[in-house]
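Please see the structure below; I have some questions.
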């Protein structure tokens, strides 16, 4: 499959039949005066922006750092093409502004504090239990409603189906009524 | 004339600016700081960090408004003034005819910047005092193309407004497209680059006059580059030749006349 | 103009020597010569297509730096002259711009003189003969053009209009052509021409023989050297 | 989308109304351009803003924001008046011939209202909108002859009680002249659009409608969508290649997140969350039609409950039905933030979202954050939401809210599936490493749920059983494939059919939801989302290689229609075009050779074609309905819409909509004009909030005397939604560095505004600054003889990141659609003035 993709890349956007590289170039056995600026990449994934579902091919270094992205010529939606947003993916993945640690802002504080995961998970679960227990509505007019209106959930249309499914299951198990996300707005 | 060409069909361009970012992405060109000043067009100009960009122009004729988008970058002229003035050979017409740039060879003289009738190349100045600088411009992804790939901008173009291939094929696609557009009532549809400056390696299908896009109606090879070529260079050779000849004759004559320094007389 | 003291300086062999160039003049000349030559060579790399190999890459980096360094020297040379030998500087400058019937005569007869040694045809010359004055004049005008256009190309990239920049390139090149042609002639005469051997010696040692001075710079010799000597004590005078 | 992205290439006319795919779904133009180039398709763009899509259109029709029903109603009227509809399609596949209650009255008679409005609770009683029924005799399952009520069918489209006649009468008022007066669209332009798009009513043509938030973000948003559906049904454009009513959805997986029911009133697979009026499972299940495929709804609910509560979900306890929360009202976005503002909401989870920027009446909504006790944010970047307490002008010391900001992996740093707008599910591979200690969202959810379960482990209270009994076993370190398996469904025990044949052995994944529909012991199945059933089941990729269906990359495209059945997997049942039974004539043969998709193979007695038939494969076109039958048995071989109780496409909706069975024009809440169609100014069923009305931050409503200019919001190619994933990226920030507002040359001249000037835009909710972008692309409108200016601005910006600017949503109102409660972002009133 990699081989075929490689071959496909060579003809670029050919799939839609617009244009083909001149045969003299496509042969490409002769050594080039201009070596490729970087690797094109062969790992296929999907663009995280709009809902078209375009395929993206990514090249990474050994540490998982993204070097190059371009359209996946095999993906039926985009056939190798991409607009400006997915082409900026290296800056999404490699951004110095990406969060790297758990941050906590205490009540009335004016700054973030770095924390670890264990602390955060433990503290959050305590908040959830306290809030749920204090406000839970088990019955309403004789009907079991098992609902909490004091915890809300927002997001996430940019998450995978599996994230979303677990989020729904998580929220409904707690009895969360205010469950909303981007689809409403 | 180049044997391959890139075709920019502005009638299909949706200004998604994939080309602009694809170029930066492939070549790892930094973003520049820009400001919203009442335009979609940012960066406002080409620069050492921006080799290809999309321009936005509004044009109204016959009651019909057009929002014109133009992918702008090196035109890869056949009569390329930049190649003619480049003293290092960094800029050259390569085998396929487009204007390649070998940044290793570039010595930063900046002649190309000033000679280009489209104001395309830009000088990346590292140190003004030492003159350390490199010219930069679209090379039509010379590395990708010579390795059998299409240029990054062409590959990424969603509506196929950018195409790439044999120049004759591109021209016939362009002409056919113009015919179609005219049949659809786009009276001002035309090609651009067929013959300009001996034929451009970046061909256009336009739906409005070139000036509406900010392109010169008839780009001209710079007169001063011509002058340089037709005057300064030949004059140098001729002068040096004549002088050498004259001096040689003189020397022979002095030998025959057995001339010597006054001292020895 | 005030006359300048030009004492006789000694003897070379049995010849009486006359001081022709001060130390500052000689220093300026040689700095100028070196700078010019370096500029010329490094400039040629980008002027002559067959020398492209030296214009790009590491060689290009080096030659660009050397050209700029030499340009600084090039500008410095006349300043050395001006600072250390101001009167001679101004005198020479004036001379270069002073042309008369003798110059016409000299130029008319130069070919015959320098190729066949037709003596007696050359009008007497000042400190500089017409040929040298032509060279100096060209060098002086070109110097101005070099500096102006060079600085435009160096510091004006992107901030001057394209045509100004391109015109600068052309003017720079035309100035090169003019100076190089005369430089070739100058070099030929002082290095190869049998009648001018002393000229180059004078630029090393500062002196010429009286005979050379009389022959080639008669006016100068009589007006500025002899008159001066008459006024002062001359240990070698035969009078 | 009823259809899918690649299918756009099969279209003969593309009508974009209330969407802007060139900017927001740029790759769509690959296929739109292909249709234009290869088939000569016409592109029509109807939008207040001459946008990048319009720049490529054959026809651009300007329209005042919020008047789409008039425009679409005008098209419906044009199609009916000129008999350009596909009559065979309309008669067979829609409810055109069904008779409506004789008591029904429409807005033509009631000056804007439909019959049944109750002023007391501002709601309709839909009794008079119902079908007329008649009794027929039929044989029930036991073979007994019984009398059954069925919708009464009229003999002809002219029958005054027929849906079609009501439709024609209702839209007869929507004349080209009305379109010009209300929408501001020149009549000549409107008629060109009508002529061009109505041409797709021909059997060998198809036209598609593409829309997005420009349709839905109105107080009449749902009815806007209905209006498009009516037009498409009339033209026979639903279920056919190159046709459809296609919502262009915003985020990469907003289709999937909707399918997974991250919405207050729903459960995965559109099963609906029970309300407090549905005390037990039996009552709840009565909501499912018994004469459509929804007759299996109860089974799907059961398998969901089994997936969530496993062994604790037994037949005896209604499969733990009562573990589910039940709603007692509207818990949608606007009510949520009203509650937060009032302080009744104490804790908030935010997963990959930036409501600070994206919510309407944002200044009020942000105040709500300050009333929270705690907030948990899972994000890639620090956003305005997570840092609301340190926003400009805010004093952190006065804010008590604790914030936990958890670093999350981005889409390329984790594996999982996502669903395109065209319902196509694709697997996304992890291709890069998350930075630092960032983790996948499922990892975070897993840790949290395990900790919460541990916190409750000593409880014996009944109300804590939903947590304690929750099936949550995805391994020590959660494996996404385990979650995928649960969504797909698997057998808890051997799943058998009525003849005791094992359909799926214990532990195996479900091949698809038909197994749920046919299994005798369907409660031996756990299935998290029935419509996804099959997506993770082994399938051939067309080359003989078997893999989970969602991961397939097969390139085969039978028929060249772009269906690519071996690429990924589309819900439901890998169908690429919904209702595709309608791509064939009632007799089962394709409408035309060029639009062939699925058809009846009389020889093999099966439906076949290039797509998976959205139909019972063996049900012949001439099959008769058995009115006494259950599910699809109650429908005939020409009933193409199997999810509808009568198997028909609804031109007239007897139920399901709050403000009427037919879309009727009402002005936006904030409008520059009186309603020129009736006395009823705006949608009578919308809820008007009035929290702190009159205060600087409040639910204020602006009027045209103070705010004479119509404003709408839009998005840009270079940015994405609330901006975290684009305003932090240098290249995108470079391309669109800051906030601007698009103003016509005429308005700019009137106000003395020059291009690039700093201007202030004010609404009843607040004021913001922006750079003026003076353009020929906006023109003033003549509305009812009065000149109205219209402006627009992007809403991506706020104060964090590389590209910053004021937020457009500081100005938008807190009012929602009458059905969906989607906020009316797209039409509100403002004033604009030069700063200084």
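To keep things simple, chains are lettered A, B, C and D as they appear, and every chain counts its residues starting from 1.
In the analysis below, contacts are C-beta pairs under 8 Å (C-beta built on N, C-alpha and C of every residue); 3 or more make two chains touch, one makes a residue touch a chain.
None of the values given here were measured: they were computed from a predicted structure.
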{"item": "Chain pair, A-B or A-D, that carries the greater number of C-beta contacts", "value": "A-D"}
{"item": "Whole-Å separation of chain centres (CA-atom averages), chain A against chain B", "value": "39"}
{"item": "Chain centre separation (chain A, chain C; CA means) in Å", "value": "74"}
{"item": "Between chain D and chain A, distance of the C-alpha-averaged centres to the nearest whole Å", "value": "21"}
{"item": "Mean-CA-position distance for chain D and chain B (Å)", "value": "48"}
{"item": "Interface hub residues of chain B, defined as touching at least two other chains", "value": "16-18, 20-21, 24-25, 158, 160"}
{"item": "Numbers and ranges of chain D residues touching at least 2 other chains", "value": "26-27, 30, 717-718, 730-732, 735"}
{"item": "Chain A: positions in contact with at least two other chains", "value": "16, 78, 81-84, 87-88"}
{"item": "Interchain pairs in contact, sorted by label", "value": "A-B, A-D, B-C, B-D"}
{"item": "Touching residues on chain B, where the partner in the complex is chain D", "value": "11-12, 14-18, 20-21, 24-25, 30-40, 42-43, 58, 60, 65-67, 69, 158-160, 184"}
{"item": "Touch list for chain B against partner chain A, complex", "value": "3-4, 16-18, 20-22, 24-28, 94, 96, 100, 142-150, 152, 154-158, 160, 163-166, 169-170, 173"}
{"item": "Touching residues on chain D, where the partner in the complex is chain B", "value": "22-23, 26-27, 29-30, 32-33, 50, 52-56, 58, 60, 717-718, 730-740, 755-757, 771-777, 805"}
{"item": "Chain B-facing residues of chain C, complex", "value": "15, 45-47, 52, 55-57, 60-61, 63-65, 68, 111, 114-117, 153-155, 157-158, 162-163, 165-167, 169-170, 173-174, 176-177, 180-181, 184-185, 188, 192-198, 209, 211-212, 215-216"}
{"item": "Contacting residues of chain A [partner chain B, same complex]", "value": "9-13, 16, 18-22, 24-28, 32-38, 40, 68-71, 78, 80-84, 87-88, 90"}
